[in-house]
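Should a chain be cited, it is by its letter among A, B, C and D, assigned in written order, with residues numbered from 1 in that chain.
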């Protein structure tokens, strides 16, 4: 019988009511390995109540108390990295190396959350006028709702909740129903780190739970990572209930390569940043965009053999470069996108659709696929293809490359490979993407900077981690203070101010 | 014939199409003094296009260029203070002294906007790992839509647009249709300060224009100040079009007075902060909340004669303490609120409804009104009464006073008068208001701090001025940069790096 | 035979040349327990060379690499707290509880040092004019020399070196020759934490080593904590060799008590903050300064029995409130200061000079001593008495209390006990001390703020820990950058920008 | 009879005692145009007393009051730019265009000083532990002593004093005795801007006055700009009196040109940045350092005709590119340096020593001079040559160019011209200069960044303007605050907290 995966509320596992559940698969084998409970409204209510009550106490705890838990969580993440990587790989399909890389970024965000007492400081000014001092303070917003995608079962929630909790909020988290197990492990680590029960809660589920969270008056702010379609829905629905919402959405990350670039390095970067983790990353390079026909020709010659050499396998195959995609539907969708693209005129340079992985015939595998001469009107170009099919477009000039990139609806990451200072500077200044790489193929900012795209890659004004996240998870109070003279009559020892003592 | 007031687009006055107009009154006399054009969609489109195109050039201008305009605007505001005060008073009704106070706060915000080059700085870190440097930059969001209320015809727009423009955006501003003239004067000063035509545009109008702005794809962010009902609408509708929105809404500002307070000072503070500008300020004190029956008794004795001594008059009467309310409807609404409150059990201590101002029989005047024993279930208490009718409630303890204040839907300002450090500290920490005063009756933060309430007094996560406004009007780009070795072959003078030169 | 304690250079223990050594005592027993090597110039040179070379590599290491060591050091401090407390107590005499408190503050500073990547960020501005971008970066200064006192064998060096190392410097540290063993343990923990050999070096010794450091051209900056006499010498001599110097010196911390204070709480605070650690703390309360004769009378009645109840004992006696002073000379000096004070007219309320601790007849013990009616012209008042003898002065008014406090040469900590907001505000604003306590008897700032006094309690402009320390241990480079157009001729693929591709 | 130039103390001009005076020349004509009083100790004492007393009141003034003066000063600088430029030119010799450029930078610093309320904010943290809040504040240090050089009679003092005054200090300023008139004009503008008398004082004089300032117990901090020899003296002597000192000293600014640079642009940059203002700028380019023999050959061919085309003339000759040097001695010193350099093997490419300016036979003119093949052992190279004689050195590689630059004692500015990102990045990271230019020949940071060199170009840890200057001119107080429960008995109205009201 398949395992049953439930919720985690007030420090306790809950099986869930059982009326609504869904299957959990191992993408490497295609087997259903568990049933996951989908929360009903009463369960969600209990989680919000727990987060509210425990969160209020937690928000009043001292910085010293809160910091000690964050430091401890970091240690536990390091100590449990093998267990977490296995849990991730089994339900997600990514290789163990990939999973560990994800956890390393989670740890980085937790490390920055230890800065919370510093980055939440208010300001203080003396005598702004009329002998008034003014100071400000950042206080927790209350309960933070987190909604996370399947592709980073640990990193995304860690990135959200480390700071949300560090600054004193309660949390209600709905993980992707495709990867529910890592959530319970992460909740257990929070508990082991000393976080009071009720501050951190996991409710498993689907869109119904999402809607419940967005409508819930007890949730003050919502952090989301996922697709653009859902991100836009979350932003609009969450704000329609007056919440603050930061929704991080899809990407179509163009990699511009200038003629003066180190082409060998660029080719390597494209292959690893394009196909890693089966391309199921919002910061994956989607498109190679060489400037000049000669650059395009040489680059294509360089990348093709490197792509062909990539090995696809089960998450626990140490020789695999990447694993299966998340689901049968996802595999089908990518296959269709490839087919449509070829029908629309794309040149199929490498076709990964017929791949079979020995011993894993039912796994959701796709081989690396490359299509040249992709054009802007193809669905394959317009949509974020969440599987190992990448494209090549061409530009005649840097101006054109920038124009192409900026015309796309998404503005997550954008990358240029060049040696020229001016080209890099122009790209940086003119590109309409939130995260820019100069010879860095995956410009995911380090944990003490902020994550976030522009245009349809982000909804809301805030960022996912870094100093700006501390701001999103807090609200500001500003105090103007002036003191009158002491009341002589009220002093218990009346001669005190008389000067005659 | 009444004057006609139009728009200001691309540096030029426009009469408007004329099919939609509305009346403008002088509240001190009740006369209709002008007709104001209400923009149609084509007019709005032109304004947005102007702001987009001129804004893009302006956003690329250097900090030096932009700063010089802000400094110049400050000088012009000072030089034109009499003209502006007259323009405000004529359509709004506030006294000249009040109007000048408003302009002084506008200047304060403009002064802080001269800090824009500093407060918009990004961050820079070297070698975060792998020889990668990371840096960030704040760039203009594009076109900012401003929607402002009647009660501060110059201050609120100055506060919004000084920073919005300083950081490089274009602006489309819809003033209150009740006070349209100040908008044109302010636009003229921007122009005279050297701002390129098209960066700053005024479209006059009503809700139809507001809707047009909220739906307009060319507007990236919206700043609003006004009532809670409209603020909520703006936030929800603006975000439903994926904009960033900061909406600053109504207040019901409780003034808690402890037994140990300087009661004489508290009484003076209540009268000036409660009735100033005919109470038409979101930061006005709405309610006196003494702690302890004895405190209540003494305070009431102190405030009554002070309130009775207040003089109401035309905006240009130098002896007037405050002027008319904005409109006949507004006058009627306040009168009704008073009547309902008395019907519901309130004790009418001072009744201002019968006031007549000699020589101005048709002006919208209301005398100062005080109702004791207001209770939480009265509409008079629940709603923001935008006219000179204030109430008294009572609390037995500080705990109760805090609880009462926090139970109200609004969380703009909250004030305590006390000499005791602990009482002030508890109030500061426990109160759910964005702006807190300790013996400061109007805790409007100084211009280098941030304005904003909590709960239903603010929608959105950002603030109205101060450093946080610079953030709201910009978006963040984060760059990860690594350089490869120079290409020896490409160097024009090939021996350069050979070491053999 | 006594143990021999040597240096730690380039990751290795060194016995030292042996020609110069000094004794190390256990103050609780009066026994000589070890001989400590005193470094000669050649040894110091080797340490500086090691720090320079290893420091340069370390300074070029990524933030990620450096941070991982700081996090690990924190874990090791926690894991080794018992060992460290024992090492401290044996040579210093403070109780185990005191030693653990010290280590807790050390850990707090190490925790803040994990913020180094954030707090050392430079700034970035685009197009300041002429298409120039400007950015800044903080880089290590090179080799930091640390000179630390006997009274905090672990806390002070941890506080200095955690940030000095985190930001990329090499360190040469000379501990107090009275407590040399803790230094070697701390060095070992740095090594175990993964710090490359040579970055952190310990040279034991006396003034000769101090002079060598101050004169050494290889040391860029010097951090010192100790007496005012030595601090002034260090500042003047270090700067005469063009170094940056931050010297933290003595204190004479007045505790003002207002008539409206919680007198019971104030009395408890005085006893613990005055006598804890045998008063051998620069932040210890030195003087009780009640305002008003009645306040003085009541406070004296409250503190006397509490002081008499204090128990003095060996460092490892769990019942002891405090232990021996550091040396026989120190004991003698305090005894003389008491005698002189009494001769000069002080009223000896409690005399601790005759104390004997059973079983430890030769330990350097002094009982808690209290002298009332201390006056400003007594040596006992002018000097920092580094042993458990405290005084009482009296003031008639707050004005007088502030004047007295500000007239003293030292300005480290100053404390007021009051309930009144205005009294606290006036004290805060008017007092000339770097660290102020409002009802907090030891106003040692938490690790994410900065430590430092004013007047003769600090020489130099910087602070000991917190964000400002990151600044002291780095130097600033500011870059103005503009890029010319790419050189068409140099492009390897010449058609790239032609637009004809 | 020559004009007499005196002091400005407490808002009044003082002739000075008259026993010590010195001549003031017009360098363009060689005429003595005035006698300048040199202050005696009594005069200095009066200035310090004035600054202390007026400074204390000024330091307690509100930010609003202080800011209004800074804004007004800015307006007056703009309004008086012609008068100031004339005053500068007459005593300094620089052209009117140069003088106006200097004043523009002065205004830039004044503009940043309007940010003082923001950049001096302290920090605020709630409940760091034990219900303690911690906050910090920056307060004025007291009296700032400013010692400024002849070469920027307005810019340097404006840069220092705008922030020193804005944050609340008193100032005692000793200008260069060669350019005393501009000081009095600047003082007058401060007064006209509304600065209270006594806050800003000018004492004219020589080294004797400098020594008096450095020894004066009433001066808390010293800002200096001038030569390295004097700067080192100031730092050491000032700190020996326990002051904080920031001394900005000489430069020898190397301009590295890579083979891939835009050579035409580099040549223009060298000529303007090298010879502008007769090279009397610490940020002037001193040396051209081409990388590769071919680069050197081409660059030399480009720069020679441009240098030969430079026109030297009187300060009020609108056709002049630059003017006379400051004094006959200075002219002689530069001539000698040229001669010695040629004797030591330098190739005199352009010799400016025989220049005569028609109509100004006695002016201190030197024509532009260029020496190639300068070597590191020549005095001409080692010293800062303060006149229009520039040199060329050669490097084979970027490594060598960096090594040469870093080997020089000075580390003020360093510049690279290149198109290559990696070359610029390596230069930025490896160069030991405080201000770095990438294709920017004079990397003087804009006013909202900080000015300061490394190595022997700066003594002290602070910077000349920008945010760091606000720190230098203030000291920090950190407050730890906790409030006890209110005293029930002391409340004037006893039922207040009883709950029975």
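Just so we're on the same page, a contact is a pair of C-beta atoms (placed from the backbone, for glycine too) under 8 Å apart; a residue touches a chain by one contact, two chains touch by 3 or more.
It should be emphasised that the depicted structure is a prediction, and the values quoted were computed from it without experimental measurement.
With centres defined by CA atoms alone, the chain at the far end from subunit A is D. The greater number of contacting C-beta pairs, out of the two interfaces C-D and A-D, is seen for C-D. Remark: subunit C and subunit D have CA centroids separated by 35 Å (rounded to whole angstrom). Distance between subunit B and subunit D, defined via averaged C-alpha coordinates, is recorded as 42 Å.
A straight line joining the Cα centres of subunit A and subunit D is 48 Å long. Residues of subunit D found to touch two or more other chains are 63-64, 117, 121, 123, 125-126, 128-129, 136-137, 260, 419-422, 424, 438-439, 446, 448, 481, 483-487, 490-492. Within the complex, the subunit D residues that touch subunit B are 63-64, 67, 71, 74-75, 108, 111-112, 114-115, 117-119, 121, 126, 133, 258-260, 291-295, 298, 394, 396-398, 420-425, 429, 446, 448, 467, 481, 483-486, 490-501.
Contact residues of subunit A toward subunit D in the complex are 60-65, 117, 120-131, 135-137, 139, 418-422, 424, 438, 487, 489-492.
Chain contact summary for the complex, subunit A toward subunit B: residues 123, 125, 128-129, 132, 134, 136-137, 221, 232, 235-236, 239-240, 242, 244-245, 260-262, 265, 419, 424, 428, 431, 433-440, 443-446, 448-452, 454, 459-463, 468, 471-472, 475-487, 490.
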